[in-house]
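Chain lettering (A, B, C, D and E) follows the sequence in which the chains are written, and residue indices restart at 1 in each chain.
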């Protein structure tokens, strides 16, 4: 291959969300003849810096990296760009955008906005009103996706005077289901449940059943369990952000820039994120590959 | 000799309470009993605000305990034998993924589940063989195992969640109810009883305690300490697989990232239950009470609507407080 | 050497890293014989005992049992050959009870391997009172870690005496024992001899050795320097050899 | 007496290699040296494909080592004294957040950094006090600390990242270069030298080894084992804070979720370096070589562009292999 | 009692859980006096030694030093009072070298607390050769864990003898020693007495006790049953008391 590229994912390899991202990247690599390697920072900014600098040292032509912090990676990314490497951000961007970071383009969507959208749709659909309490368990509250999505839900609720309760549920589904169910037992006044990532979105329906209550439930991400729940009506809707594109475009842009000097450009992948019963069945066969 | 009665007079008679205190797991039993009395009294006094005794809550407690219980029993026996297993969290996930994907491919869960347990046992044996063959600290070997088998989950099935959809007979065997009691809870009670007999009433248990308590002496007296440890490693791996089966039967799917940190929770439960990290001391009842204590504390905090964002902080504090109480009681028993 | 020797050591050497603990050591133990293994501190007596017990493997040389050349690779091998040992460091597990220590590795069980606890407890009590009459142990359920130095040694003795079969190795068994218990143990060694059990007694008390042994092997710096029957020596000659070599 | 020469003749002269093998940390030194030789040979043979010796790569290694190095040095001294600290990962994050937010609020980093270290030391002392006062296993107390201080990060500053923007003098002190060598690496070398003197040449070190090796004997001979352990806890906490400062000075911001799992990595580095989990054995050089080994292995795999999906699997395998080699060498040295 | 007694025990009792190890024990140690503390296994001798050393705290009763009522709460307190102990279990750290064990807690250092390693090494070698001439220890850098039983005991003795000040407590110090080293130790005790250091010698060997002690305290089941000057007793009377009570 005449183009070498490294993709750096901020979380660890077991996070399901990045499956379609990696597939997209690999498809692009195959199509454009790119020698691609994918690395994971395991949620550690120090390690992500090591990875960016290592890629720079090993002389790749392009780096696709999740810019999950506005400050932590500025220096190493700038150094890479200075060394002549094409750097494309994906999935997360510097909060100041292009002004805050030397990356040449960003491919992704606004997770905060998708949280707001889900919140507003639930309010509309189920008539949540001022003084109500809703519950939004988060598998890792300090993870950037949880801060963004949860923050979006909170913003939507706050505008209507609705209170959001939250709890750390951890990544273990059985454990998460216990904690959510126990919270619902203790708080019978909760009016709705929001998942945050794939774990809470998967076990939420089961927890509602365990607690013996009947409340609406919405969440994020795509997995067979989640799609089934939406199909069966146990879940109202789930939010998707077309992660395949977040892998495909950065690698394609690196190849095109390297080969033909085409300038990388920003891409918004977050259109059509909302998936409810009416849209879910078309998505189902593509889970794990393109969705 | 005129003193045949004298040694008797050197030992005082002690009150029943003191006797319980000095029993193995006696102190933790008292702490646990005290906690239960407070909780039940509170639930009776404020049935609406503190729903500790509501059927749903009891059911969830019964569903919650078995997973950590199985992990802790296996890890605990191994620790009494003087070795660690940090890979149980990863094994738990790997065996669950294996079982779920086999069932997905059309195999009966009644065949897939034993295969999962077999895999767990094999991994335990591998951990043990590497540890003993090269004389390495099991901490390093199983920390390697933690990373390795977590990677193996991804290698085997990618980072996708696997759905588990067994025949109804299997579901009801592990997640159903019998006489109002959750099936998983019955399983864990059976395991507690079985391991109690094995560890405290069977010669194998005697060898485990000897191996952990003073390996040099155990070897000198003719116990094959390597074999004892190997069996203990196998038990730890096998019980991790059982935990995986119970968790999966309950939730109906497996997440590739699950199980992280469970090894520390399991070790914590054992240590709370009076097990020594240096080996040779501990009891099955203590381990089980340690698991119950952790889950009861979490449950009570949730029922009291402790601020969820900081739930872990409260749990941590209460666990340390419970351990401190435990120790104070023990000391009073010895004095 | 006669074929009837119970146990023979042939040119045994043993090194620990740079140190040669035993060098070219040969001696034998006959049937119904009490051999005194004497020597200065660090002479290699305990190393010899551990080696015969199968805890250490020799660097070179070999053993023979009943004239058959053999090598013990672990403690079970020597147990199979009928050897029972009281170790200098007692080899007890502090966190277990007296009963469990005595039956450690050789539990009385039913066919399923479950412990016959009552039976073992009764035997433990009896053997503790008979083998070495030890005072202050009022219950075989006491943890060994809570015992006094002499009481611990008594438990180790009781265990070996109870399971003895052909050869008993005693590595400084009386070091922590009181006068009365020491006498009881020496009498026990003679009684076992009468029953056909041979013994190897390691001790620094030459009077005790002279009292019960039939033959003396004196070691110095890892080698044998003297091997003599009781009839051919005197306590003063033994003292001379032990102190001056 | 005629034998004054005999004891001499009982000890053979050993080759230099065997002498190195039996030194503390000698075996790991040989393993590390072998790895370096292979890497350097590879880099000289394929300078374009394997850029191990490129100045940038050496700089990355020098930047990467100090963080884990500081954590492992502190945790290692505490483990030699016979206690664990699982909370260092959380302390590392908490002190970094504190320092960064103080600087954000206008304080000089030269004041904020010592405050961060002070907080780390205080937390270490608290861990130690609870452990010793109540006679609890430090495993439980510091596992509690892990959860508690992770919660405290969120309580103090929410789940948001904090920017760290100190005066340039501070940055160059911790993240600059001196004579082409990274400042953080110079710091860690100073720490290694200082702790080497403290542990192997100072009486405090002697007390640490005695306390961990046989606490009953140390007490019986008049060493205040509680004080020794308390100081060791304080060192572990303080070094976690130093690690936090070095990491933050390099990265320029703090993520509230960072630091998870670092405690296990630090313990692993120590154990690879020959430290015993039961206390009383270990060496500063060994700990440092353990850290270097982990980072070299990771670096080499990245330079070879090993697939990141399975990177942890490779690292785990190589660490266990290195530990096994280490042990084989040690055993040959003793034979 | 005369005010000049170095150390006195007043009505000391000590319980471990249900067991009363010492009951109402009183005796004294005079200046330049060697006291033999005798008794059956489990009589409470080691408990007494540990208590005087500050390792155990009495359940009731008190000590006095030079007539001053006091209580030792830790080993440093008793060290301040000039007491030095050879423990029955030797109290050595197996993973440290001989030198480091001898100077453990009382290192020779410069003003910054850094160890004077060469100085300590030289002293260690010298004291090992002089205090108890022990063979087979060729270097003070050896790990204590690699020593033989008697060699370990010699290290513990060397340490106590080197740091002795006013009272030396010896808990079965010769149990693992060879004939020659035992003689050397007993001579050492008498030499120290001549220098004004009192000793308490715990032993099961009544001949050794009779050889060096000025007075005998015999314990049984945690209490004192006999306290007699050497002049007023004989070895057979001592034997009778030790064996029959």
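Methods note: contacts are C-beta pairs under 8 Å (C-beta built on N, C-alpha and C of every residue); 3 or more make two chains touch, one makes a residue touch a chain.
In UniProt terms the chains read B, D = Autoinducer 2 import system permease protein LsrC; C, E = Sugar ABC transporter ATP-binding protein.
What you see is a predicted model, and the numbers here were worked out from it, not measured in a lab.
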| item | value |
| --- | --- |
| Touching chain A and also chain D, the following chains | B |
| Third chains touching both chain D and chain C | B, E |
| Path length in steps (a step moves to a chain that is touched) from chain A to chain E | 2 |
| Between A-B and B-E, the pair joined by more C-beta contacts | A-B |
| Mean-CA-position distance for chain E and chain D (Å) | 42 |
| Intercentroid distance (Cα basis), chain C paired with chain A, Å | 71 |
| Separation of chain B from chain D, taking each centre as the mean of its C-alpha atoms, in whole Å | 31 |
| Distance between the centres, which are taken as Cα means, of chain E and chain C, whole angstrom | 29 |
| Touching two or more other chains - residues of chain A | 13, 141 |
| Multi-partner residues of chain C (at least 2 other chains) | 16, 135-137, 221 |
| Multi-chain contact sites of chain D, meaning residues that touch two or more partners | 3, 7, 10-11, 154, 309-310, 312 |
| Chains that touch, pairwise | A-B, A-D, B-C, B-D, B-E, C-D, C-E, D-E |
| List of chain D residues in touch with chain C within their complex | 1-3, 6-7, 10-14, 22, 333-335 |
| Chain C residues within the chain E interface of the complex | 16, 39-43, 46, 88-89, 134-137, 146-151, 154, 172, 175-182, 204-206, 221, 239, 242-243 |
| Chain B-touching residues of chain E, taken from the complex the two chains share | 15-21, 23, 220-222, 244-245 |
| Parts of chain D lying in touch with chain E, wherever the complex brings them together | 3, 7-8, 10-11, 197, 201-204, 206-207, 209-210, 213-214, 216-224, 280-281 |
| Touching residues (chain side chain A, partner chain D) in the complex | 6, 9, 13, 22, 37-40, 42-46, 49-51, 53-54, 56-59, 68-72, 74-75, 140-144, 146-147 |
